[in-house]
Amino acid sequence: MKRAAVVTTPVDPAALIAEVQSNELGAISVFVGTVRDTNEGRTVTSLDYSAYTSMAESELREILDEAETRFGVTAIAVEHRIGPLLLGDVGVAIAAAHAHRQAAIQCTSFVIEEIKKRVPIWKLEHYADGSHEWVDPTEMKAATT
Amino acid sequence: MKRAAVVTTPVDPAALIAEVQSNELGAISVFVGTVRDTNEGRTVTSLDYSAYTSMAESELREILDEAETRFGVTAIAVEHRIGPLLLGDVGVAIAAAHAHRQAAIQCTSFVIEEIKKRVPIWKLEHYADGSHEWVDPTEMKAATT
Amino acid sequence: MLTVQLFASYAELFGAPILQVPFETGGTVADLVESIRSLPAGRGLPASPRIAVNRKFAPPTQLLSKSDEIAVIPPVAGG
Amino acid sequence: MLTVQLFASYAELFGAPILQVPFETGGTVADLVESIRSLPAGRGLPASPRIAVNRKFAPPTQLLSKSDEIAVIPPVAGG
């Protein structure tokens, strides 16, 4: 099973793990991205993710297809949440199962890197000083998460 | 927090995720190893993990210390189950949180590789034909999970 | 005219989620970018913003037609 | 005598989880391995099994004392 979704409800990593798990595949790699309380030295209080949802889901599916080609991973699920999120909320979760552990781990790493590059999702951060800003990773001094 | 334990009860990856998660750390990498239904072409029906428990926990803690030195990961939890396990049961779970996603992912990968090399835990597999065997990875044709 | 979707910071820049942009048959993605950047708010865009056509990133040379679903994609920040 | 713990396949090999092995002061891990391999079931061990002393893997040259916690470690298969 391969499944990619942009959702407006909380993302449950345990549900994704259950979704990809099977008795044939002994290694499951998971990545979970949560909302941090700081970014580039500023105190974050909450954020809003927005998306070009139809294209985002299409890009996510394409990334999973590429992951299958590269790593042979056929059991993989990814969910990205959009809308308002609070500190600590899960923004993205990826679970990949494979017979071999390094294939599962490298697959998960590949998927999160590709998401960061090309899935049309945007992040509006709200700061403690009352200001807000659309995050532009191409302008940041260093990768943060 | 760093925590390593050998346990006789079911391992819950979601509990480990909750344990390492904090608002300061946006990236959580998780590895889950489950009981597969085949190994080296033989049909596995169940298995028993046994351990030199005191040394296993000591080695696990040392691996986490090395992981902190290498990857700067201070929020990490690992549990390895021993005793009888059924197909699909979680044998090991590792959760590592970090501000940077690649540090979290590489840390998790390092920890599972080190566990496979040097934590004194053994696996007795029971096969569909009624036989059983202590798994010796040094004799296997290829790594399996 | 082409209908162009805007998102996030670009929707704020133009004060609207959709633009109507003049279009001549045979025009490319590069031509469209030039048209958008000539609008009053267009100078706020980078020289070569990423353009999606029918939900896929499109190169500057790609030809456009009126039935295409077109969007200007700000720097992404998911994950 | 030294008390030596056995686990998993090695406990099966010797039919017991603990061995009492003759020991002289000044003996090393290598000497202990030789003593164990000279027991009837000892030929079933590899030439250089991993030995743990006080819960740490020990090199062949390490000196042993009667108060040490000693174990022969079969190939591990956790994870």
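Letters A, B, C and D mark the chains as written, and numbering starts fresh at 1 in each.
Please note the rule applied: a contact is a pair of C-beta atoms (placed from the backbone, for glycine too) under 8 Å apart; a residue touches a chain by one contact, two chains touch by 3 or more.
Model, not experiment: these values are computed from the prediction.
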Farthest chain relative to chain B (centres taken as mean CA coordinates): C
Whole-Å gap separating chain B and chain C, where each centre is the average of the chain's CA atoms: 48
Chain centre separation in whole Å, for chain C relative to chain A (CA means): 26
Inter-centroid spacing, chain D versus chain C (mean Cα positions, whole Å): 72
For chain B, residues contacting two or more additional chains: 33, 112, 145
Shared interface positions of chain D, touching two or more other chains: 79
Pairs of chains, among all present, that meet the touch criterion: A-B, A-C, B-D
Residues of chain A defined as touching chain B within the complex: 13-14, 17, 21-38, 87-88, 99-102, 104-105, 108-109, 112, 143-145
Interfacial residue positions of chain A with respect to chain C in the complex: 33, 49-52, 54-56, 58-59, 80, 91-92, 112, 115-124, 134-139, 145
In the complex with chain B, residue positions of chain D that touch it: 5, 7-9, 12, 52, 55-57, 71, 73-79
